[in-house]
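Have a look at these structures, which come just after this line.
What follows is a pair of complexes built around subunit A, which joins subunit B in one and subunit C in the other.
Moving on, here comes the complex of A and B:
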């Protein structure tokens, strides 16, 4: 490996990832396999997301990395430090300032601006949405080719009739552009409607499986559900953040002897909200 | 011919890739390409091509440097992953591979030069990447665009396209875009 290589990965490996990214954008929700050498970083680092970020990043980019909404978690810090070290790009915690946001399991709380061309890179542990209903990878591929999602519907039906709602709390299956059903990565249900018709380009990378998929901006993203059922997201009605007082956001629930405590899951949102409340 | 170090070309590649990614993600919007050997077509070739993909070209340009740089093989139209053309050609579009239901990514990408992105056919675009609908001009004839619509009628099969102008501007058209001629 050449130590002067910008963004760590060599050019041909980047070309392979870039080819897959362009195909993924042209085929919203379709899983594109790519060839890759192992990244010399530990698993759980989110190598899929990392490979995408390193293949798209430019000197002028401003990078934000979050883990479950938090910029300061060890995982997020390690990834951010690594990327800034091999690229020299500027880093930020500010969602609106970032041109690339690499994330694990959350979409930042702030609404994205329309014309900023921001890119969200998701780290994906299990790219194939059909694994829960069909273990055979060849059959999974055939099912996608035939738009045959009957097995997912059966699962959904069983849940609905037995429990009144789907038991799937994260990785909720979504229909992209009325064609492919895909795994949105383990984001909460709260974030699913926020993927729909979003102004940002959403890219998904699974390192172990070597899979890439994408949702272009302004693309229809619908949770798989029966017409007569409402899609229920996590409910936090009447709850506000103990630190900043914010309401109607996604909360982390902390259980202590004193009872349940709630804090904004998005730490940057919490900081900004706290600053605003203190100022007024 | 200018001399370029690998580092220069890699820098060019990443800038041009990002603009291609933006162009394909936002059909109808126009982005800048930085030329290589005074050609934005060759700049795209340098960025897209490598040993694992192949190409076809029908251009007035010398491709020797690109072949050396990328180790990519020149093949027949119907096999090619990338098709580089001096002008949008209907018979090439017809023959370009469109992928299959199992592997729709085994499809061709057309890169077509034109003089000016603002001269051609008035169209209305809709589909992923477009906020509602977008009225614009595409630098191709009505009959080429009708053929393209035919080619892309059965999603996920189809081809993806880029138009490149003499002034090094690029506009992307993925297979998901519905092109209505006005």
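Moving on, here comes the complex of A and C:
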């Protein structure tokens, strides 16, 4: 691989992406444009996350890539193989071992190290939280500048008045550091409270939309909710994983003729839990 | 003083610098002969007191709607000053809202002032329900308690003589007159101090017009807010307003008590207007 630079993209591109990242970290929740490069995968297949990972990765890093909590899905495997091939870094499925975790639509179940040294890179399809209520990008910018999120609140009001609660299942809007409202990428509501005051640096990359944003470690992340209403996450009470027996985690639901089956969404957590229960 | 407008002007086009002096009523034109810029508003000064109802009349193209949009900050003025309700800057000087921070302007537009447009499509968001539209302003004014927002919206639906069961219907399912009433409910739901109305009843049939004007007047007396109402219909002006200003070519040509202006118009244009309509 001596014909390419370390980590595939050229140094000028990395510099530009790193500058956008610095700006994003300095303004938590603010959307920073960047010149999204051509990648060997099509846009919309994780190129935003990929470019962030390739710009920040060092030889000593340890990489984990998941897709919906799974280390073994085709997307995760391909991205992990590509990054290790162009960098030569060590790969892992172990959350606590990884220094960079690139993820699509989930946050790993295991708690992160408190030393702020881990980085979580999200792949984002729709970075702008206001697109659902305001299609005009100039107006969106103005609304962010004025912290004018009344239209998002109206969606919440309408769902509450007509269905009793918000109908949003993923991409739930979150208020970052009491200033910008941000799209957390299509993670389930279950993961939203786990973003709050997290010790990891959370970076978000949207390759197709050419946008980057970030949440620095230990930043407040609050879901939009009315003062007199609770924020409800997915309920899995009484359910345990059929494979490892774990409870109180986020489950994948598999529907069969024999009924609904539940398995841990995070495969690494499932493996570890199985190992522990076999040992005891 | 609730609202004070000083020497407000709006010029469309690259001004040559002497546009304001070369246009206006005394020149009989609103287009600058030097540079062909359109002077929509030419050095207008006016004031509105608390609970006062001000009417603006004039022929089409005289700048009535532009003046309202300048006050509501829908468009940016070329020069002049607007002061609102004793608002001051950080040095305690009266704050010219044309120079205010976006957050201040946003607060003024979301809470302190409301605009009712002739076309409900401008004032209502048709993607939100009637209740949602009203909620948007209540939320914009800072309320984050669902029950209070819902009760507020229901209260206003009731106030505009509409069945409260229709609160979750969408604007397209209402008639034109009903849409206009929802617009009024939305505008008043943030308890604004100043209500701006741009031809609120034009295009509605006469019986509906009367109902809406009565509703506006009732609510004004009940809640207490100031209004500036633009209309080319002197009947509306006569019915609602205390004070009337007459505009032509972007300037004020007459200013006075509504009765006085309708009974004893001084300016030739006002005389023409009164004689041709009443």
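Operating definition for what follows: the second predicted complex is superposed on the first by the 272 of 280 C-alpha atoms of A that agree within 3 Å, B and C clash if a C-alpha of one lies under 4 Å from a C-alpha of the other, contacts with A are read in each partner's own complex, and residues count from 1 in each chain.
Basically, a contact is a pair of C-beta atoms (placed from the backbone, for glycine too) under 8 Å apart; a residue touches a chain by one contact, two chains touch by 3 or more.
Not measured: the values here are computed from a predicted model.
Applying the touch criterion given at the start, work out whether A:222 contacts subunit B, subunit C, both or neither, answering first, second, both or neither.
Neither partner.
Tell me which partner A:261 touches in the superposition: subunit B (first), subunit C (second), both or neither.
Neither: A:261 stays clear of subunit B and subunit C.
Going by the contact rule set out at the top, does A:162 touch subunit B (first), subunit C (second), both, or neither?
Second partner only.
Figure out whether A:150 sits in contact with subunit B (first) or subunit C (second), or with both, or with neither.
Second partner only.
Now for A:4: first (subunit B), second (subunit C), both, or neither, which partner does it touch?
first
With both complexes superposed on chain A, which partner does A:208 reach: first (subunit B), second (subunit C), both or neither?
Neither partner.
Which touches a greater number of subunit A residues, subunit B or subunit C?
B
Is there a shared patch on subunit A that both subunit B and subunit C touch, and which residues make it up?
142, 145-146
In the complex, go through subunit A and note every residue touching subunit B.
Residue positions touching the partner: 4-7, 11-12, 14-16, 18-23, 25-28, 30, 32, 35, 55-58, 114, 117, 141-142, 145-146, 177, 179-180, 199, 201, 215-220.
Hey, which residues of subunit B end up touching subunit A in the complex?
6-7, 10-11, 13-15, 17-18, 20-22, 24-26, 47-53, 101-102, 104-105, 109, 127-132, 155-156, 160, 174-176
Inside the complex, what are the residues of subunit A that reach subunit C?
133, 142, 145-148, 150-151, 153-154, 157-158, 160-162, 226-229
What residues of subunit C sit close enough to touch subunit A in their complex?
Residues of subunit C touching subunit A: 102-103, 106, 110, 125, 127-129, 131-133, 135-137, 139-140, 144-147, 149-150, 167-168.
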